[in-house]
Every structure is written in C-alpha cells, then in structure tokens.
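Here's the structure, in structure tokens; my notes come after.
A, B, C and D label the chains in the order they appear, each numbered from 1.
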Amino acid sequence: MESDWLDQSIVAKRGIGWSKKGRLHDLTEAMQGKYHNTIGPYSDPVLTVSLGDTIKVETHDAFEGAIRTEQDKPTPLTATLNEPLPELTRKIHVDEKHVRWSTRVTLPYNPHIGTLSTSPEIDSINSLTPDSHGGNMDLPDMGPGSITYLPVRTAGGRLFIGDAHACQGDGEVCGTAVEYPSTTIIRVDVIKGWTLEWPRLEREAFIMAIGSARPLEDATRIAYRELVMWLEAEYGFDRWDAYMMLSQCGRVRLGNFVDPKYTVGAGIAKSWLAP
Amino acid sequence: MESDWLDQSIVAKRGIGWSKKGRLHDLTEAMQGKYHNTIGPYSDPVLTVSLGDTIKVETHDAFEGAIRTEQDKPTPLTATLNEPLPELTRKIHVDEKHVRWSTRVTLPYNPHIGTLSTSPEIDSINSLTPDSHGGNMDLPDMGPGSITYLPVRTAGGRLFIGDAHACQGDGEVCGTAVEYPSTTIIRVDVIKGWTLEWPRLEREAFIMAIGSARPLEDATRIAYRELVMWLEAEYGFDRWDAYMMLSQCGRVRLGNFVDPKYTVGAGIAKSWLAP
Amino acid sequence: MESDWLDQSIVAKRGIGWSKKGRLHDLTEAMQGKYHNTIGPYSDPVLTVSLGDTIKVETHDAFEGAIRTEQDKPTPLTATLNEPLPELTRKIHVDEKHVRWSTRVTLPYNPHIGTLSTSPEIDSINSLTPDSHGGNMDLPDMGPGSITYLPVRTAGGRLFIGDAHACQGDGEVCGTAVEYPSTTIIRVDVIKGWTLEWPRLEREAFIMAIGSARPLEDATRIAYRELVMWLEAEYGFDRWDAYMMLSQCGRVRLGNFVDPKYTVGAGIAKSWLAP
Amino acid sequence: MESDWLDQSIVAKRGIGWSKKGRLHDLTEAMQGKYHNTIGPYSDPVLTVSLGDTIKVETHDAFEGAIRTEQDKPTPLTATLNEPLPELTRKIHVDEKHVRWSTRVTLPYNPHIGTLSTSPEIDSINSLTPDSHGGNMDLPDMGPGSITYLPVRTAGGRLFIGDAHACQGDGEVCGTAVEYPSTTIIRVDVIKGWTLEWPRLEREAFIMAIGSARPLEDATRIAYRELVMWLEAEYGFDRWDAYMMLSQCGRVRLGNFVDPKYTVGAGIAKSWLAP
C-alpha cells in the first residue's frame, strides 16, 4: 500500500498521525474471541492500537472454516414458495496471481476485504449487515491501494475487519465471492474534526461515497447524495451543479445485493475535481 | 463503427445479412411523424429498410427542441410531500471531443443513444419506458463500436431510435444526460432463429444482458439471469457454474434509475468465455 | 347501486349530470373489437355515451375465455433462476351468494371489477398495467355501491372496463382472483372543473386515494400523498395536520402486487371528515 | 384479555402453562436499565418470570419522555437532497375512550403495543428494527384481546416490550403514532415443540402471519408465504390450494413503512379454517 499517491490522499492532507509510523500489531485468530461475528460496542476490544499503527489481521473465510469439503453447504436464504436453488460448494486454487475457477477459466487475483467497519452507536449486530458504520459492503475496490474512511460513533473508535475475498463480481450475485482465510495488513489513523454520515473510499484515480440500504434505489440515492454533499463541502462545487454534473460523469459500483442491506458506491474521477 | 472486431462479433457469426452492404437511408426529422415519442405497432413506419441497410437518423434532443434557453424547464417528476428540487437548465458547449460542463470542468465526449427498441407486441407506449423490447435504457455503452441485439415481437421488425447523449453518468441521477440533437448512423440486420427475451449488447471486450424493471433489484436479477442463461445456451457453461462464476467476475452497469422502469446491464469480459 | 348515500356522494355534490338519468346502453362482447386488451387513445370507441347514461357491459374473464378446462394454463411470469411454481387451474362454482372454493371452503360472493380506466394521454398499453389513469387496480372495494373517480386525459373521456372478479384477497397473491365472465352495469358522469392526478374511490363509509407504482412503497406513498392533498384541498384540513392525522387513522388496502405496477389504496373514514 | 375465545385459541390448544395462573410481576421503569432501547441477548434480564405469569410493564413513550413540549422535535430521517418536511410535535389528550386529535376530530382509543419481541440469536439491535424475532412491528392488531406468538432464539426466552400507541393508522405514515407512556399487562406462556420462523398473531376472528423486510414486497411475500406454510402444516390444506385460496380471501395489514424494515401482516378469517 506504499504507492506514491498516498502522500496526496485525503488522509495525508487531513490526517494528523499519518506521517509518523507506529507499531506493527499481530491480531491472530486465537485473539478474536466469542462474538467476532458481531459488530458493536458491548464486547471488550481484542487489540488496542495507537494512531499510525499497522495491524496484521488473520481473517477466517466467511464460513469461519466450517466449509471444508464440497459437500458442506452454506446457510439457506429467506425461504420463498419456490424450491430453492441447488446449494453448491466449490473449492478452488488461489495464489497471489490467479484464481483458478475451473480448468477452462482462470480469473485474476483481486484481493479485497468484504467487511470493514467501526461500531454502530448502540447496536451490536451481525457483521453481515452493512449500514452507515460500514460492515459487509463487499466492494471490490476495498483492496490494496485503497483508503476507507469510516465514521466514529463510539468511544475508542472500535474497528472491525473480516471477510477477505480473492475476487468478486459486482453484486456478488450467488451470495458468495471467492472466500478465503487471509492475512490482511491495514494501517489506522484518526482524522479529528471530520464528521462522516456514511463510509467513503479513496483510490488513486477516484473518490467514492458508499450507501447501504434496501431497496437498492435507496442505497444508490444515499451514495449519490453523500457524494453531492461531499463535492459541495470540500471541493467548492455548488450543490446543484454537483448534482447535475454527477448525472454526466458519476460512476456506480454495486457491492452486493444479497445481504440484509445492499451496498452501492457512487464515485467520481479525481481528474474532474481539480480546482 | 468499422472496427476489426466486428468480423468476430456475434452478429457476424450468426447474421445472414451482415456480409452484404445495403443502401444508405436518410431519416430526417420531418419524416418522423406525429407519434414519434411512442413505441408501438399501431402507426405506419416512417421508413422501410432491408437487411444490411444503413440508416442515418436525425434525432431531436430529449425535449424535442422545446428547451431553448436556461429559463425553460423540463417536466416535473412524481409529486411527493417534499418540496421538489429546484429545476435548473443549463446549455453547454459540445463538440466531437469535449463536453464543456463549466469553466472548471471539461468532460470527455462519449456519444451514445439513450433509446433503442423494437416494438412491444401489443403496447404503444411512451418511449421513456424501457422494457424487454428495449426503449429508454440510457446505457453509456450503447455508443459507436457497440452492437445491440433486440427481440422482434411484431411483423416487420419495427425499430425505434432516439435520445442521443453527448455523455452520461451511471444512473443519470438528476434525470437528464447531456441531451443534444444529433445524427446517428446505424446498420441494421436480422438474425433468424435467435430468440431473445431481453436486449443484449456486445462490445469488443465484453457481452452484456440488459434488464429493465422496478425495483432496481428486479432489473439486476433479470440482467444476471439472462446472462446466466446466455452462457449456458451459447458458451457451453453449466448453468450453476455460470451463476457462481458471475458472482466472481460479473460487471454491472447502471443505466438509469430515474425512468418509469430502471435499467441494469450485467456483463462479462469476453476473455473468460474462450472455449 | 341505488343506495341512499349516493345523494350525499361527492359526485352528487359536484356532478352536473347525476340528477338526470340517461339511456341504457348494451355493450356486448361482439362489439368490443380487436385491441380490447389495450387501453389508449388510438383505436375508435366501441360505444359513445352521454352524461348520466348507464352501460351494461359484457366482460370476458381475464383469460378471454381461453381457459376452459383445468388443463389450460395462464401465461408464465418473469423468469427467474428458480423453478417456477406449479401452474394450476381450478374451475369453481360461483353464484350470486357464494364462491364454492372447495368442498371444505365456501367464500362470500364479493363482485368487483379489476380494471377500470380512462385513457392515458399518449400511451396505448396492456390493460394489465395500472397507472395514474386507472387500469388493472384489482381493488375489492371497486364493486357495487362504490363510485370511482378517474382523470380525463384525452378528448371524449374514453373509458375502459373489464376483469370482473367474484372475490379477491388483498394482493391477489397467486396472480389471479376468481375470474369470471360477467355483465357489469355502470353509470357514467363527468365532473367538470375537478382535476385529478390519480384515481379516487368513494363508498358510503370512506374515501380512498389510489396509487399504482413499483416498488410497493412508491404506490403507498403516492396514495397517501394524494389523500393528504385531497383533505387539504377539499375538506379544510391543514396539510401537515392531515398528514399527521392519517398516521393515526389512515387505512391501507393492497390491490394487487403481481401486476407490472402494484396498486395501493389509502383511505379515511368519512366520519373523521365532518366539518 | 379474559374473553371467552381464549379457551379456543391456539395457545390454549398447544400451550402447556396456560391453564395454571402464575404470579403477577411489576416491571417499573426504574428496573429497565441502560440498554432498554436495544433488543438482544447480551444484557442481563431485568425480570425473570415463570410459565403462566402475568407482567405489568410500565412503558415510556417512544421518545423516552424526552419530548415534553410541542417545541421538542423527534430525530431526523435519512437525509435526501430534498428539504425535509417540517418537524411538528403535537401534544393531545388521550383517555380510555378517546384520542382528541383536534377540536374538530376525535379518534377512537385503540391501544396496542408497537414493539414486542424475543431476542435475536446473536444481534443486540435498536428496538426500532423489526425482523423475524418481532421488534417494532407497529401492528394496530396487537392490542387487548390478541395473542402474539414469537420464536425463541436464546436460552431463557428473553422478551422485550415497549412503544405503546393510543391509536395508529396503517403504515404509521408520518413516522409516529399517538405515542404515550402506559402500563401494559401481558401474560406469558411457552409452547414447547412449536418452531416459528416469523411472528404470528391470533385474534378471535382471524390468524395472521407477520413479515418484516425491505422492500415492502418482500415483507408481504414473507407474510403470505408463512401463512401458506401455516395452513399446510396445521390446518390440513394442500400447499398450492392454500396459496390459491389466499389469493381470494387473504387480508393484508400494513404495520409501518417508516422503520428500518417494514412490517406486513397477512391474515385469514378463522371461519374459512374449519375442518
């Protein structure tokens, strides 16, 4: 994640701790405790970090290692009157370059984390549910070279991470990505005086506002509304000019539309943001 | 549209008329008649073409030239109890390279047609409504270098075209793109024996199935379902393998989510389709 | 329909033709013509009536008599990846008191018309699609003793009627009601100077505003918004008082949620409307 | 709640503790503790009851007494680009017969509880969110003379109650009902060996299955699906016969469509359930 552009990133411009490098922490699976599949303020933290620290997190796959053979099945979905689709499990080879989907198809390795969040103010919820605190957003953009900005709603700025994917399509349509146990290294900083209502993401080429809701229209409206307000508040655009301009150059990424809430990112290329 | 890849396109492989080049027709505004803003089987065609013919269509802007100054306003949306947003009109400079959005922002010229359709079987509807026959899909991918495949539902294979955009963001969030009068040249062919339920699109790098419905989830489900069935029927994939694979490499394009029905394209890179 | 309350109805108070009784017209199936399953302004009327006239309409069942045995199947729905539900047809006995659903269950005869509409301004659409002009709303309240108010969008005030039901549950959940051929008698009047955006319904005990849209939230929002505006415009309520009051005493009827657009009625008891 | 029909109720037929009357417990506000606005398994119970016990619960109003004058405002909704509606507060007189809405309108007193739930298995969530464990369903049917059946997901069968309403319209359209502090008396029993996926409700005249989801269609589908399965499992109906029959006689109640999830009840008159 040591690309050059990070010195020009929002966190570099606004952050107070970015310049100093902190400790490296190891967060092993053994440390992660009983309620690691919930996101909330009630349980005790498993690790305490300081500004600028880097954390090396061991993450389970999404099924917590419970799916070991192609005969093991994930949890069923909301029942309908229709027969459910067949539940299939496939184990595939993943390495640092390739996802060998089948003898016919090899997909590129595009690692990212599905779940990243701070803690909601009073809820302690299944990490599968994304919302304004982050959560299981399943955005393929949230991989190496990206910075995610999350609101802080509880004392201590609790942080949750998990659900690494070796690659994922838009919408994660069958309900799972290429889930795998991984070791993820993140660096953590706090930007004081910057209040976010919803998560945001930055990469070298674009910025993105993220909304999670149902129906999918509501997620898209939240994401675009946040992006409009962001352009107004920090990039000097008139609100209605930003709104009309995004109708010409906004880009939408569908995270997943299989979770309890669906996630949409609305982004704009940084090249249109120059003063 | 004379790129080399067209010889390797689906229409080239399946089409019967593509090889022979037909006449060039001029379809002027004056010829387009009274009900040109409806799509249906009842009115008489304004032009009759043969397989392989090319048509040069003059299209109005989306407001049929009625918006001439920045004081003219488009039609209001479905009323809510909230005050509506301010209705603003902006006239901007467009040329073959640039869309000069403002003194600060110049966007790239990315021309495409918002509306392309055959005729529904019995309806004669406002061209603003997309459905399984096509219609106002507002997909920025539907520009030069693309091939759109539409189902034929009425004798004569009626075709409708309009709503050219100089550029458009995903979702067309404020309700309009950069609308302009244009002259569009399309070549028309018929593929016999290929029955489509929903529109499809092909570009050099990918194929895409297109769904239009509300809520937005339904449009996305239709698009992905069509793509799964397409991979099964014509590319030799097992249905459930295709479904799971798209969960890893499918790409979603949001057309618009401001129309009477919303449009979503679900695509896959051709590179994963090699036998 | 000659209940006493009709003299106190909205149409009696506002209508100009209600007091005089006009001719009785017979509209047989034979007269109904080629495009009787579309609603629109293009085809010629099959009957011309004057204010205050009464019309006796023969209606087909919803399948136009095509389903004659329990082996005949209705049209399939939008395909999904799931296996569709089994398509079953049941012929049952209906008389003027009972719907004999099975040897075990006899339901009450509650006749109403599923489809009632004027013509949209420019569309000529499948009568299955409800919208602001009316259409296939499938509201069980639209039976004997009710008055439906529809907007006039085309010269001549074209009127369409069909899809009689012997009874129907809220939502028409399996896609059909107890469909039967019937003879429906309606009386028609015009209220000049009353502009409606969406259909409205009146019965002795309540008034109802009707919205049709997808998703179902949008239909509900439209219906409640219309009812708020109605209470403000004609019953002397402050807009926000009406809005808050409906949150305490509004009643919702789900018409169908199986059509291309879903229909919701939002009503209020007349007893709360006294000055 | 001592109506005669309770002896014929589902709980009487299936329950094991109903016949014996237990203790009466007082649950005062002072006992209710820190996280009383969350529903979940982590905090310690504030009262432990035995089968057949009766509990007298003091409930706050929905705003926990924080709204004391008409100048106090409730929390704002999800932001949109539109100006929000004006936030108005009205204090009104409620007694055991009437809700005096205004000098013009007096509504009937129809008390019910908005929130009733057991605990989700692993979440500890804002009580405003209804789901398969119950929660803030806002169904006006959930008042005196009703029995609510809830699934037990955690050891001890934790129970949460709150949000009493003096009356409420379908959909609770402005976001609040007539909220008031009240004392609610409920009797609690456990039915062993009866596994529910979603809440159910029984009154003298009907049974109802309850679904909570977004979009509103999903809530309606869940409720009807549960009712179909209930008729199959316990009333001897064939699944598809039940499904088709509900299309003729099912009744829908919209709880609220302003919560994080919307609630719909699908019911059937007991008169159609006789063997």
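Assume a residue touches a chain if its C-beta (ideal position, glycine included) is under 8 Å from a C-beta of that chain, and two chains touch if they have at least 3 such contacts.
All of these numbers come straight from a predicted model, not from anything done at the bench.
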### Query
chain B-chain C contact: same residues or different, taking over half shared as same?
same
### chain A on chain D, rotation in degrees - Cα superposition, rounded to nearest 5
180
### Query
When the C-alpha atoms of chain B and chain C are each averaged to a single point, how far apart are the two points in Å?
35
#### Entry: Rounded Å distance between chain B and chain D, as computed from the means of their C-alpha atoms
47
### Task
List, in ascending order, every residue of chain C touching at least 2 other chains.
80-81, 85, 215, 217, 243
### Task
Counting only chain pairs that touch, give me the topology of the graph as line, ring, star, complete or other.
complete
### chain A partner contacts - residues on chain D that touch it in the complex
35, 37-38, 40, 42, 78-81, 122-126, 197, 213-215, 218, 221-222, 225, 228, 239, 243
### Task
Could you pull out which chain A residues touch chain B in their complex?
85-86, 88, 90, 99, 101-102, 104-105, 107, 167-178, 215-217, 220, 224, 240-241, 243-252, 254, 257, 262, 266, 272, 274-275
### Message
With touch defined as at the start, can you tell me which chain C residues reach chain A in the complex?
### Response
80-85, 215, 217
